[in-house]
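Notes follow the structure.
Lettered A, B, C and D in written order, each chain numbered from 1.
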Amino acid sequence: MTYHHFVIPFNIGVAVLFAIILVKFTIWIVKLEPVDKKLIRKNFFSIKTLEAVKESFMEGLLHRKIFMVNPVLGYMHMSLAFGWFLLIVFGNFQAQFYTRTVIHPPHYPIFFNFFVTSPDEYLFKASFEFLMDLLLLFILTGLMIAITKRFYSRIVGLKKTTRLKFFDRLALGSLWLIFPLRLFAESFTSGIHHNGNFLTGTLGDAFAKFLPVEQLALPAWWGYSIALGAFFIALPYSRYMHIPAEILLIFLRSFGVRTRRNYSSYSDIEVRSCSRCGICIDACQINKSLGMNTIQSVYFLRSIRENNVDDEKLFTCMLCGRCENVCPVGIQLSDLRVTQRTKNGVRNTSSYDFLNPPPYKIADVVYFAGCMTHLTPAIKKSMLKIFDIAGVNYYFMDSDKEACCGRPLILSGHYENAAKLIDYNKKLIKKSKAKVLVTSCPICYKTFKEDYRLDIHVMHHTEYILKLVEVGILLLEKGDSRVVYHDPCELGRGLGIYEEPRILLEKVSRLLPSDDEKENALCCGGSLAGFNLSSAQKNAIRDDALASLMKSNPDKLITSCPLCKKTFSRGTKVQVQDIAELIASSAYVPEKKKISLKPEAEPVPVLS
Amino acid sequence: MTKKVVIIGGGIAGMEAASTLSRMNIDVLLIEKKQQLGGHVGEWDHLFPNFRNAREITRSLLYDLQDKHIKICTSTEITGISKKSGKFEVRTTQQQTFKADSILLSTGFDLFDARKKEEYGYGIYENVITSVDLEQKLKESNVLTMASGVIPKRIAMIHCVGSRDEKSGYFHCSKVCCITAVKQAIEVKQKLPHAEIFCFYMDLRMYGKKFEELYREAQEKWGIQFVRGRLSEAAENMDGSLQIKSEDTLSGRPLKMNVDLMVLMIGMVPSESTTFLGKMLGIHFSEDGFINHDDIHLENNLTNVPGIFTAGTVTSPMTITDTIADARSAALKIATYIS
Amino acid sequence: MKTEGKKRVWEDYQKEIAEDHYYFQRSCIRQNFFPGSETAFLKILTGELGRDIMDDPHHTTCTGIGYHADIVPFDTTMTVVARHFALMTENGYENMIISCVTSFGIYTEILETWKHFPEVLARARRYLKKATGREFNIPKNVTHASDIIYKFKDQIAAKAKYRLINQQTGEPLKVVEHIGCHYSKMFPSWGVGGAEFPYVLQGMVESWGGEVIDYPERRHCCGFGFRQYIVRANRGYSVANSKKKFESMKPYKPDFVVCNCPGCTMFMDKWQYTISEMEGKTYDEYGFGIPVLTYEEMAGLVLGYDPWELGLQMHQVQSEPLLDKMGIPYDPAEKYKTASGKTFRLPAEPTSLKVCV
Amino acid sequence: MKEFGFSITKDRQIDYDQNDHRLLNFVLENEPSFIVCISCGGCTATCSAGNLIDFNIRKLNILIRRGETEDLEREINKCMLCGKCMLVCPRGINTRNVILKIKEAIQKFR
């Protein structure tokens, strides 16, 4: 026997699911930006596809990243995803071994224990029966954690779990029923036919003693099939759509597709790939320090899906990138937020026609201090001192009448307006004929790197100073102050500069570790992106970040962002310095040793 | 023989000085021309910066006056004072004569007569009142209305009326009006939550403890608006509301606005009693009309006449806090002098 | 409005006004634009009140307009004024009546200057002596012509043929009184009632049965402003001021405006035409505009003088509706007749302002 | 209409009662910190755009309070949102959000 009416719900479910996914995937791919389509064509037949397969396996099934954040949560996701995957794979093998054919109806392996009740032998029968029971047990343990999590989130380390909608409830309910029903169906059948293994067999025997298993078996199979069918139909409209979407996302991402300035089809795939795991809620300082838990990425993405993005969700976020850092799916959460600010924000155009280029200077290095640096003049002064000590021919581009770099406008969703500032600054940079652009502000740095498309080196001063030290132009004296380093969001998570400052600090001080370092660094709260935060709220965020940094009781707090410096120095009596200040006070030029300013080979960007 | 001090003026300065001296076993005669002690504070409702009931102050000061060293003459005015061999002889309207080793002048201040600012129309326009009128209204009634009985929708508080104004004849700053305006604005807003309140100021002098905080609270919590500009004139509209004009100096533009009620924050001016007694005693006055100190830092309770001391607002406008401190310091100076 | 409050202010600003024997100073603007006014003034003083007043053909302009337009220097103006004092002295008079408010401002400014800076007075005497060989006494009493009418308002009321009462309704006429800025705004104590609540015109209106309306922009300048008017490009500023006043008084439905300054009378009157031409707006109910009278014309109407003798037809805003309200008879046929019986050239008709032809 | 060679000058006076205060109310509602401005001018002094052109954000804020919003759009667009004003504001006003809200209000009540 290979068919019974009860398989109909399952088959309908499968058909609907595949049809919908096919349609959705097609629409997504067709709607992709031309540049993205080009990337797909270019990379489809390359090693990148294999990498994507591997990543799909690691993330989609094993949930490696969730494991790393929280092993219990990781196990839960893995048992359900990977366990079910194996159940299907081995179920098919079992069916193939039993029927000795490759092709059979899709429902056949799923309901194998209903159709195959005879004690006929086939290859690896015992092993298959044991494995199938083991996998079922594996899934059921995960399911138990999931159910527990729903009722008591803390056990898996999450403080706040996500809230559900109708299709989510339908999908979740049916998902919860699928495996218990399979357990009962197989157990009851085993109670009649004794075709179960250690789990279903034992349970079947036990049930047979006090239950009318013969009457119960068929309804249980019906239930199992209906639960599956319901789940498959609900899936595309529920959070579980993230499963297929994430796989597509992984492939597109490995081909180089990204969310750029505007919300694209790829952004939509990212939004649909969110598994609502809620890990972002815990990472968010606005949740931790302010107790505000309505704006986090998981809710933000939902508001995009439900088309009800509001100002609070858009503009409260500081775009610190901590959520993006922990997101198991690797969604570009900060960029997505910016695209939505652009889309939903105020539309107006500024001409900035008052910008008249000041006199420029031909130089090797262009120094752009940045607006914020002008309010922390010690940084500016230190950088000029370092340039002088190193004998660098530099052009201080924004020494007096400065235009903004444009990043604050981008963060507010005014990319078109920012483009005008970018254009203006770019012309000045080009005119100077410099080979290197050095900036003291990570906010500027980020936009110089990402939006300016300059054909010269763009460096934050931490990188640049390190280069000077490495080529021996700048000598540093080791000091004994105990310092702790704060990674600015835009420099660290934003552009991955973690090591350069640490190498420098090791040279001039005693660098102490801190709890939240590098990728996990806390935001100072001063962010130019958090438009909606009051100064009291910003102070609360700052104070929590300070508390973490001050645990080791350092002599100085070192950072490499003028805004972080300004923000922190208002909240602590401990001296807060920019790395440039510390270096400038430790730097010296060796006696009588003249520095050669002749051109050198690449990639030394100091000299022309 | 116990020494005796005559204190002229039974406001809070005189009261506090009297009780301080009595605690030093010095006999005190406290003379007040009104029926009751307490002066201006006795007529006030609530005090800045914490909205404390003013009666608590006078009650507490009165309690401290119950002492065998203290004799009080109310409804008594001074007709003459003479000095013979270091002793003073004080004659009163009650035909009494008192001998004293020292005299403390605590005759306080008078309120600026707002009618002198003709262009603001006090006494002419029905809906122009002074801060003192407002305080009385707040004290007596739970509702604040226009003359017609209608609830005002917009109220303007006009700072520096009779202060810092050459045209009124007073150059000095009365010190308490800014914070009083803020206090009263908040009280009005509490009574009339839907009213718009504007303070027209020249400078906001929030120098005292908790003053700046109250100012900020007025903005933040009560939505009171502040316009920097001196009112040039007020005119009455048909409905009795007022059209006021000022420069909005912070935007550099003239401003015209209709308000239902206008409150003039009247300043403190030298009291007639002080001027009368000071002239009689040959005391030096400074240009502002208040009693002068030769040494403004170290001898700020002394006058140019030995044996005559000052406490409180006879020398310049003061807050209650400063007046009390000044009275205590005067008592100490007197005690040192007469021993 | 509390009248007792106003009365208290008025009591503070009482000025001494001479009883008799006046030396009269005419006004350039008034005699040119409202020629009936000064004639009526002299007629009232001599005819009705039996006072001695000298109308001296030898005096000149006070130079006030030139002075305020930055054309004539102070010392020149001062010397011209000194000459007028000399004329007065030579003719044996001690009390001076000044018809023009600009002149009145000039005289008070000079007298106050002399009071505070005796050396300036000495200089004035020197200049006058050098230029004309004349010497002068400072007048004992200097008043504006409106002060005189104010002083005798009750005597005029006693002789009144008409009162400022709407004959149809029996209600007092609603009058806007407008005081020239230079009457009392510079030196409040020189004006009856002071600067904030001047009483000089209000006293007349009340005495003759009318009711003064106190509208918000009462204090505002008419907009003459000398330099503002004299330079054509600046006239927009001037007219804007009058407009502000008209907008403010309109809701009170005034029956007429009375001014004590010739400049104000002229601009309050003529700008109504300008505004009507530029914006099509008039400020009375029927499109005739609000008549603007001098106080002499008002007094003349009360005393029953012929409106055309008074020169009301010389105004831009025509006063027939007002005459009708007061019940004053007039002959339309006589309106534009000269003394010799000829009809003079009729004025062109305005576009939107209604006139009675 | 006759041509006299001049026009009636427009009043510079702020007529508070005639002005529209919706924009102000919208900004106050959405960024309440706006109310505590004391017009110290720190924002204007540090302003990047103000350093380059006649742009006085302090004055604009006052004009908004009085309901004077003519030219506001052209003026506010000079802002580069760099955020220096926020760092210097002694009263902790969220100046950048104020500007965003002003822009939003301009669009809303245009």
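Note that in this section a contact is a pair of C-beta atoms (placed from the backbone, for glycine too) under 8 Å apart; a residue touches a chain by one contact, two chains touch by 3 or more.
Keep in mind the model is a prediction, meaning the values are calculated, not measured.
Student: So which chains count as neighbours of both subunit A and subunit C?
Tutor: D
Student: Count the C-beta contact pairs for A-D and for B-C, then tell me which is higher.
Tutor: A-D is joined by more C-beta pairs in contact.
Student: Please list the single chain whose C-alpha centre lies closest to the global protein C-alpha centre.
Tutor: Chain nearest the centroid of all protein C-alpha atoms: D.
Student: Measuring between mean CA coordinates, which chain is farthest from subunit B?
Tutor: A
Student: Rounded to a whole Å, what is the gap between the Cα centroids of subunit B and subunit D?
Tutor: 39
Student: Between subunit A and subunit B, what is the separation of their C-alpha centroids in Å?
Tutor: The mean C-alpha positions of subunit A and subunit B differ by 66 Å.
Student: Would you kindly tell me how far, in whole Å, the mean C-alpha position of subunit C lies from that of subunit B?
Tutor: Once rounded, the distance between the two centres reads 46 Å.
Student: Two-or-more-chain contact residues of subunit B, please, as numbers and ranges.
Tutor: none
Student: If a residue has to touch 2 or more other chains to count, which residues of subunit A qualify?
Tutor: Within subunit A, no residue touches at least two other chains.
Student: Report the complete set of touching chain pairs.
Tutor: Those chain pairs which touch are A-D, B-C, B-D, C-D.
Student: Any idea which subunit D residues touch subunit B in the complex?
Tutor: Of all residues in subunit D, those touching subunit B are 12-17, 28, 32, 35-36, 38-39, 58-59, 62-63, 65-66, 68, 91.
Student: What residues of subunit C sit close enough to touch subunit D in their complex?
Tutor: Subunit C residues touching subunit D: 232-237, 239-240, 243-244, 274-275, 277-280, 351.
Student: Flag every residue of subunit D that touches subunit A in the complex, lowest number first.
Tutor: Going by the criterion above, the answer is residues 30, 33, 46, 48-49, 51-53, 73, 77-84, 87-88, 92-94, 96-97, 100, 103-104, 106-107.
Student: Can you tell me which positions in subunit C touch subunit B when the two form their complex?
Tutor: Going through subunit C, the ones touching subunit B are 1-2, 4-6, 8-9, 194-197, 214-219, 251-252.
Student: Could you please specify the touching residues of subunit D with respect to subunit C in the complex?
Tutor: Those in contact with subunit C are residues 1-2, 4-11.
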